[in-house]
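Order of writing sets the labels: A, B, C and D. Residues in every chain begin at 1.
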Amino acid sequence: MSEIAEEMRLRPDRGEVATYIPELARADRRAFGIAVIGADGQLAAAGDSETPFSVQSITKVFTLTLALGKIGDRLWKRVGREPSGNPFNSIVQLELEKGVPRNPFINAGAIAVTDAILSGHEPREALGEILRFLQFLAEDSSIAIDEAVAASEKRTGFRNVALANFMKSYGVLDNPVDYTLGVYFHHCAVAMSCRQLAMAGRYLAHSGRNPTTGLLVISPERARRINAIMLTCGHYDGSGDFAYRVGLPGKSGVGGGILAVAPGKASIAVWSPGLDAAGNSHLGRISLEMLTKRMGWSIFGE
Amino acid sequence: MSEIAEEMRLRPDRGEVATYIPELARADRRAFGIAVIGADGQLAAAGDSETPFSVQSITKVFTLTLALGKIGDRLWKRVGREPSGNPFNSIVQLELEKGVPRNPFINAGAIAVTDAILSGHEPREALGEILRFLQFLAEDSSIAIDEAVAASEKRTGFRNVALANFMKSYGVLDNPVDYTLGVYFHHCAVAMSCRQLAMAGRYLAHSGRNPTTGLLVISPERARRINAIMLTCGHYDGSGDFAYRVGLPGKSGVGGGILAVAPGKASIAVWSPGLDAAGNSHLGRISLEMLTKRMGWSIFGE
Amino acid sequence: MSEIAEEMRLRPDRGEVATYIPELARADRRAFGIAVIGADGQLAAAGDSETPFSVQSITKVFTLTLALGKIGDRLWKRVGREPSGNPFNSIVQLELEKGVPRNPFINAGAIAVTDAILSGHEPREALGEILRFLQFLAEDSSIAIDEAVAASEKRTGFRNVALANFMKSYGVLDNPVDYTLGVYFHHCAVAMSCRQLAMAGRYLAHSGRNPTTGLLVISPERARRINAIMLTCGHYDGSGDFAYRVGLPGKSGVGGGILAVAPGKASIAVWSPGLDAAGNSHLGRISLEMLTKRMGWSIFGE
Amino acid sequence: MSEIAEEMRLRPDRGEVATYIPELARADRRAFGIAVIGADGQLAAAGDSETPFSVQSITKVFTLTLALGKIGDRLWKRVGREPSGNPFNSIVQLELEKGVPRNPFINAGAIAVTDAILSGHEPREALGEILRFLQFLAEDSSIAIDEAVAASEKRTGFRNVALANFMKSYGVLDNPVDYTLGVYFHHCAVAMSCRQLAMAGRYLAHSGRNPTTGLLVISPERARRINAIMLTCGHYDGSGDFAYRVGLPGKSGVGGGILAVAPGKASIAVWSPGLDAAGNSHLGRISLEMLTKRMGWSIFGE
């Protein structure tokens, strides 16, 4: 772990920090953190594993889990489960498919999922529910929303406003667009450290259970299925490449974090703010590739 | 196994037999076969597991293996590794991406892979090489091409002729279009039984090795990577759904066959000619879903 | 004229009234009006030529004229001049072309034109300017905005909100999205009768001049150019068909109106609320085809 | 006329000669020719007006005329009449519209038109018919096909082979693809001078008549309609710009020629091999803009 963190700290190729949300552009390209929690619940961590960063799209995994808990398979009428073959914020496919997003991990899909969680409640309540779920999963009540990031995205997120209104025009969203987007912008602005994120992801690595307490968060089947969607759709238009190189279900965010899941073995979180061309953490992907190889964790064979 | 075959034989929902290649339209919708070869090399089979059928796109897995053996990672300059988000024979994406197909399992990608295998040889030689590779993998020299199917596809495969010429216009193909397509149409017309197909797929389930002899066909890393591509791209625009429901790397063909791989555990072949809307075997997918569930073979967790 | 109106009144095929703006759905499908103003300034009219209707997209001709007056050819940096080959409210092309709309007569283009007119002013002032320009052209100060239609569109125009935010994300709009859309929704909601509309269009039929007073509204070259854009882009994805059948520059609106221009000869307005599949007035187009044929007014030859 | 030719000869901006058909790349960028035939049948010409050049897509006007003569409005079941909003050889739109090309002047559309002319005949006969029609219109039996250009396009026209096979896969072509393409490649390779081309275009300028003999070639209505299609679709994705700047129906070819029609006034041909970004003759368009302005020939007003 420390070796990987050390190697990552020294590499000159670090990708580019996301600038489309102004607040994210302040991130330190030199940062790198990693945290791994095994089946025994033990934490191994290195680098900036305690520094909170903006998890951004990674919350889409947790909101998907919540929405499936609320409305079950009815969710699949509003959002598909197929890789998109397009950038994360594309609107083209949305028109061809009459406002139904291809999967819950592109922006449009995550907005539709947020709308399902909201379902008639006040934005404040829905947001509280999402936050409490994260705190519960990570066993850490200090997890909070970075209001500066939320405000920054709200001021500049015209593309997401476009996506949401476009879906609304097809009747795919039930709630007022402003409500849904308010919750969406805020839950993307949650700040977590690698340790907190790896804690939160444990149920996906252990058939839906908290490996320490043994309590079920979701059914084993649902955990497998969420992992499947992470594998095929978790890295935007770089999902195929991530599966090919890393071989684990994972979800990235433009804040530079990646949550990865080695089923039966470990929940892993890495963070490095520099992104590759597809919008995924450059060193995050490389470090996960190293780790999986060394540990023999690929789901595609030894 | 027999239970699954029995249940499949009785189900009324059987999908629709492919008609776009006239010769395939003759297939018997009542047919269903399954063959599983475990880590010990033992065969378990049921239903029409000995009946040869047209494997069609399933050969794309083997031609990909051959082409990587020939030119290694240079192949990835001619073809991508990302899911397409489009039907198997779409030409739209090919124009947006300047003639470079998204992955080796859509038709355009498999034609580009075939062109790489051909690389200056006579079509007859390249075809012989592909056939001998299949016979070697399946340990069965009786595997042959169904010339009636090859001729039928050649007479009616205008869409594939369009795809190939389109790539040629972008300089993505090296050989004369007729040569490349000749080899492509013929290798898609190979006929194999479920048993033969499961035999041929063993190296993917066992880290590149023949599990009986222990001999390496390809490196463990390459086997993992081919499995990853099968998972993200193996079922056209139903790849996400197959991963979600079945949870195994697999490749389908419009002849109704599916080859699936449970890493470290088994090589599986199913066949039933009726297809679903995305062009994948309807009962093939359902039977694999049952099998994986019963055996706990999903790569996404227990 | 009366014959045409009579024939139109009796035809059973009347198209379908637009329903996507609820307020428009109230229109009477039986209505038909026509007004023609010749080079001598004489009015010929028949049917419901005095009934005000919602001109909708027809105002795009007048806002284009105003914007060109304000910023001249700099406008063409924000909007193109090519037919779109897509429905009027498509967002696909907008993504492929980085937020620059194809022409000023699709919704996105008209929103960009409105933004150019607004340019730093208060929405109220910009709207006043547009309204006064219409009143000046039509020599009729009674022309007004139908606030019920404007409010209805504002409540339901999610697609236009999406288009505007999408352009804003590319930096194509200068003003706050709400400002620009406020002006846009209101100027589309202007109500005019066929007579008023034909009056307002005279300058396009007479090389930029008011044919009665002889005063120049715009230069002859600009009048020709606006006519050219009307011909190639004036009827959404039915522009080619309108040119083929009618042979005059024209602009339609989903309220069922069409303004057509016979250069050197006449300004023509027709109205019938039923629309064809491309969103253009069904009887409006048919009556213009009859009129042009009888009068020999096609710009493409006698 | 001579002034325009002189000015054109001296201009430094000349566009780029088409290179995608190797034989065309040999053209002399310094060349410029213009020929105008008025209503009185008088010829005015300047520059290289007698030099034959490859007319390429300009023959699409004449094959459209022939096909309408053969099967009338049934042609519109195989090809549309709307501007494409895409480059001349795009295949994207063809997929979205199920193999039916948008208009007869994009490559796919012209191939469909050629197929309609062929309709069961031998390619040789169809080609003879097209050639004799051109000779008849131009009153010049010396017009011939440049076999070197035809062979060059046949060797390199993979994109057109793709388009034709794509349409064939949708059942839009009746004849063997090789037959249709053989005729298409040859009629695009006709060589004509500006004078010959202006002669051939007279019937479009004069309501379907030969202005000298008074004989009808086609009906006045059909002439108007072909002119309308030339205006909306005659210059690929630069059609809107040509209408805006020149204001005449016209058809360009990648050989650098443009045929333009001033209804009731003149048939005009210009030639200069350098092309602009949309594939239209750069100086051809500029010289037509000058000519139309000086003569007041715009169809959109004085």
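Rule of thumb we're sticking to: contacts are C-beta pairs under 8 Å (C-beta built on N, C-alpha and C of every residue); 3 or more make two chains touch, one makes a residue touch a chain.
These numbers come from a predicted model, not from an experiment.
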Partner chains shared by chain B and chain D (touch criterion as defined above): none
Separation of mean Cα positions, chain C and chain B [Å, integer]: 55
Geometric centre distance via CA averages, chain C-chain A, whole Å: 46
Interchain centroid distance [CA atoms averaged], chain A/chain B, Å: 32
Overlap residues in chain B, where contacts from two or more other chains coincide: none
Each pair of chains that touches, named by its two labels: A-B, A-C, B-D, C-D
Touching residues on chain C, where the partner in the complex is chain D: 80-86, 93, 102-103, 204-207, 220, 223-225, 227-229, 231-233, 237-241, 243-244, 247, 249, 263-264, 298-302
Chain D partner contacts - residues on chain B that touch it in the complex: 90-92, 94-96, 158-159, 161-166, 168-169, 177
